[in-house]
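Scrolling down, you'll hit the structures one after another.
Two complexes follow with chain A in common, the first pairing it with chain B and the second with chain C.
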Partner chain A sequence: MKNGLILFFLSSSFLFTQSDQMSADDIMKAMDQNLNAESRIITSKMVVKGRRNNRTIESKNWVVGTELAFTEYLSPPREAGTKMLKIGEKLYTYSPQTDRVIQISGHMLRQSVMGSDMSYNDMMEDRPIEELYSATIEGSTMLDGRDHWIMVLDAKVKGISYPKRRSWVDKEYLLPKKEELYAKSGKLLKTASLEGIKKIEGRWFPSKFVYKDELKRNSKGTEWIIDNIQFNKKIPDSRFSKALLRK
Partner chain B sequence: MLFNIAIKNLFGAKLRTSLNVFVTSISFFLVIFISGMYDGMREYAKNITIETEVAGGTYWHPGYDSMDPRTFEDSHSIIPNQIKKLIDQKYAFGVLISQASIYPNGRIMPVVMKGITPDQTIVNMPTNVLDQHNDIAIPVLIGSGMAKNANLKVGDSFTIRWLDADRTYDADEGTIVHIMETENFKLDLGNIWIPLSKAQSMLAMKNQATYVTYAKDLEAIKDIEDWIHHDIDYMIRDMEAIIKADEPGAQVMYSILLALAAMGIFNAQVLSIFRRGKEIGTLMALGMTRSRVVGLFTLEGGLNALLAGIITIILFGPVLFYFGENGIPLPMDYSEMGMLVAKRLIPIYSFSLIISTTILISIIVLVVSYIPSRKITKMKPTDALRGRAAV
Partner chain C sequence: MIKFLAKGLIRDRSRSLFPLLAIVITVTLVIFGIGFMEGAMNNFLQSTAVISSGHVKVVTKAYEKESNQLPNDLALFETDKIIRTLYNMYPNYFWSPRITFGGLLDVPNENGETKEQAPVFGIGIDFFSEKSRQAEIWELEKYLISGHLLKDRDDALISLKLAEQLNVNIGSAITLISSTMDNAFTTYNFNVVGTFNLNKGQADRQMILVDISGVRQALDMEDAASEIFGYHNSLYYDDEDAVRIRSDFNLTYSDSIEQMLRNEESYNALSYMAGWNKISNAEKRKLPKQRTDALSDNQMYDNIDEWEDLSVEDPAIFSPKMIALRDSSQLASMVDFSNVAMSVMAAIFLVIVMVVLWNMGLMNGLRRYGEFGLRLAIGESKGQVYRSMIIEAVIIGFVGTLLGTILGVSLTYYVQEFGIDYSEAINQMSSEMVLPNVFYAKVTSELYYIGFIPGVLATVLGTMLAGLAIYKREMSQLFKELEA
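Up next is the complex of A and B:
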């Protein structure tokens, strides 16, 4: 489910040899092809950096396409047992403390997930980028010694959280090393970056994402560290049933 | 004649009468004082709500529930025609509500963002200040409680982030143009006020509102489509509920006090009839009917209530007057608990409160005076004269 926001960062390597000839649309298409894996099973850690200390939250995610996602939090004890289920546009959470399933909707989607710099809205938005944005290549630049395109993405549909994005896309990995997310007014709201790119099951994949709410002056960001990821594994439909939230 | 005898007897039993009268007068005082406080709370909540929030009444979008922020997202629509006419005639104004986040001093704070017509004069809010700052991206009016919580002062700027009607994030800089002192926490804590037209353009909700407040003394209009009319009683229902929930506790205390007074009088009556057997016999022998003797004793008891009333005026009247004029300072600020209670509560002693309390206490005193006196009807004058009356 967390993959929602990061979908944009994911890209495949099989296209990199042709990358210099690629148009902005081709790059987006390539990203979408990578993002929309049939399924993913991810074990990850979210490190929420606070002013005094850091909180590490471990979770396991099962994702099928862009419509179904199930997350179970494994630790710390306070969060262990908390579950989230995304079915299409709907997001349900279960908290063992209250033993209740709540549908997250309306303004609650803007609240941060587990005190991180990510909102539920960020998690929900995982439709293919090509469907949501029209992209232009602004230019090229070197970043950390690697060649990147600077891409500007403008929303072409209504109803998405961030109407404008600027991405620094690695020409070899076809992954955005850095991304800025803007409000309608052009104000920078969030930044995201990815680190530790390695080849997993034939595709380049980052092992760490860093999100930062740029409006929070004291925010040190939130890290999302992928411990393990498996692509295209068979996940039974029962994994995405509401009944499983309480089990 | 009965009255003279009753007065004489009553003053004759000095200490007993004094104690009975004093306890009854304390009951009088406390019932009036505590009821006065509740009435004061009600009146305060009502007045403040009318003055600052409701005026004559409100028309709400059907989806809006002021107590449920989850409804804010979808509670907005084009204002119905008949209500719009009131707004055009300056008899009403609209408010558009949305959830937002502000970042004062770089930290995130969820708020309710309310767009209001700056030139309204219908409620007591200094909204006109929002119209005097065309150079500011988003002029913001907040209450002093909110300013304290967010550590903000006039001139401070912060980022406001919101989702528009298309659920797209937008953000811009808001600047505090005024900090209002308001006794209505509902306008203060967790709220930021901006010009209505600005809110409508920010949220992409042109000509829309969440609720409309109309001026006092206006008749409620009928043709309001699916919008819902709410009067002042509806708007203070939460305060009424709190008072109602608290009242049983006060009623238990009244009952204890009244029971103490009644027991004192009851006891005095039983004792009188027992000790004054010869007197009863003499009165009967002299031709006084039993019912008149019962009346005499009941009157003696009942006069306790009259004396208690007089003592209440003399002893506690100044206290009631003082608090009625100066109010009672409350030890804490109830607004943070979501209650519309004045920092200095002024009790209101209405005429009906005083009359109803007097009638209630008088009836109780008369009943407890009459019940033991009924024994007299069963007395034989001869036994009574010998002092053998059984009570």
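Up next is the complex of A and C:
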């Protein structure tokens, strides 16, 4: 028992020392490792909290890397059967009411997904943080009794939705507990927070994301609740074909 | 006597024809001028009322603030109930819900892929309800270029300019890409059943017209509407009346809904309080109102500058508010200016015409100086000569005014029916106001009598003034004048 305790303290102090000495690049790499995978199959629901009512939208997503994603909406009845397909930079949507496949591009990418606080651009920009930003550590702070780095991320590629971000990264989970997303001008556009972080298939992953579009007067935020997630499952290529949108 | 004078007038053309022509022309001009000004102003107001403002309209307070962004997320709920209330409160008006929306119009090719796309400004109008009278006020039969009017929920009329841009024909399916009132992306298919040209400048450049039932389906707005438009049953915009009902509605109905929404919100906020379930029902009814009043007294509703985080979101922004035509589209100064300008222009016009006719009466009197002298010399009394002059002036004035009124009203009626086309000039103007391409005159009841003011009154007054000279003439001088 005593040996066990010593081993615990030794290992935790080693871990603590290791995480405290991480560089900003290491932290971004670790965040990417937690959040991204070769493939993901997610069943989730999105709770859109408006000033006048709340709506819950259930969906199932199949994601391979950062290039391919397929989403099928399961409920409510009005949205059921709506599908979205992302292939690289292209995003297609299909609605059973019109039986049309429409490519979403240009300014439409800035529109909200199902009335939520997330835009299509948010969905599209799935690339690893490390590829998009260069980071500096601003300092450390305690948040909800846990130690966090405060990191400032500046875009190193052009044309992304949020040229600047400030993240509060949990030193143990290596996940951004809270984020502020800014425009080039410095205006706060969105805030995001991660809740219910738990270990899934060997990685820390949140079970709830909360987004708030700070420019939307009529929104109280959107909760994206992960009901089920599977990492690195084989997904057939046919899942990402345009033909499947109509089926 | 009158018969004798009338015969004289007919036989002596120089005495009657020129004055009669002058009176006919001026009276015609007065009547047509006033009729055209009235009509043009009414056209302008009616175009704006039909397309964008109604004579009055009801919106949420939040919608009004951001109305230029077509914010359907701030639309009115329970519109059927509000409309029933409006009919009860103001039976002289008819009420109709309206949804205005923006988006993209997508035209597919034979494989269902996007062929053409263009931004669109759409209006969902209640064409199918019996009471709404929208088909009547839009007069779409008049503006229809091809196809037929809406018959089905998913039918759409598309402006000729947009149809040409997108290369769509009657029978084509078009997909509207827009946002629901929850701001969710949405697509919806409409069938093009007709093209139109509203003849209102740039207003219809990107316009589609659909029935409100189709838009409600497309934008998930069941029993909701961007605005509820109200029109006076006579279809004439009465500014005073519109302002009266606007003030009345906002002071009574709107304020009571505002209070109700705030109390509801207060009730919800207080129900999270520890111990809420332990207090009596009487207290539960009283406390929300007290909280609402306290927040209101301290201006804590959305007053972030003073209260920052303690500021409270105001649910009253969703309470309905009535706006009169003069309040929207910056029309207040336009309405006021037009009323004053119309009166001033009409007055100036009348004065000028009166001076002309007066002068004509004077000239006519002076021209017949010799004739009057002869009549006096052969024994006619001054009073008889003077009276005969005035009766002649009345006859000429009356006949001229009658003919002028017939001609003026006919001309005004013609322009009322067929209008004067200003398309080219209007199309070159870029304005937020809805300007009609074709201006129509308006035959109003005043046109039937307004011509008598210059036509009879001025002519008679002129003659009376000229006739005064008769009394100044001395009998002894008359023969000398005749010899000369």
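Heads up, the rule we're going with is that the second predicted complex is superposed on the first by the 226 of 247 C-alpha atoms of A that agree within 3 Å, B and C clash if a C-alpha of one lies under 4 Å from a C-alpha of the other, contacts with A are read in each partner's own complex, and residues count from 1 in each chain.
As a convention for this text, a residue touches a chain if its C-beta (ideal position, glycine included) is under 8 Å from a C-beta of that chain, and two chains touch if they have at least 3 such contacts.
Treat the numbers as computed from the prediction; the structure is a model and nothing was measured.
With chain A as the common reference, chain B cannot sit beside chain C without a clash. In the superposition on chain A, A:R110 makes contact with chain B only, while chain C stays out of contact range. After overlaying the two complexes on the shared chain, residue contacts for A:L189 are found with chain B alone; chain C is out of touch. In the overlay built on the shared chain, the residue A:K242 is in contact with neither chain B nor chain C.
Within the superposed three-chain model, A:P163 lies in touch with chain B and out of touch with chain C [touch as defined at top]. When the shared chain is aligned, chain C comes close enough to touch A:D99, but chain B does not. By the document's definition of touching, of the two partners only chain B reaches A:L215; chain C does not. In the superposition on chain A, A:A155 makes contact with chain B only, while chain C stays out of contact range.
Applying the stated contact rule after C-alpha superposition, one finds that A:R52 touches chain C and leaves chain B untouched. Aligning on the C-alpha atoms of chain A brings chain C into conflict with chain B at a single listed stretch, 433-441, out of 217-225, 433-441, 451-459 or 469-477. Chain A uses residues 108, 111-112, 216, 218 to touch chain B in one structure and chain C in the other. Remark: chain A residues 105-108, 110-112, 155, 158-163, 183-185, 187, 189, 213, 215-218 touch chain B in the complex.
Touching chain A in their complex are the following residues of chain C: 73-74, 77, 104, 106, 108, 112-114, 175, 177, 179-180, 182-189, 220, 313, 315, 318. Remark: chain A residues 48, 50-52, 55, 78-79, 93, 95, 97-104, 108, 111-116, 120, 216, 218 touch chain C in the complex. Chain B contributes residues 69-70, 72-74, 99, 101, 103, 105-108, 110, 159, 161, 163-164, 166-172 to its touches with chain A in the complex.
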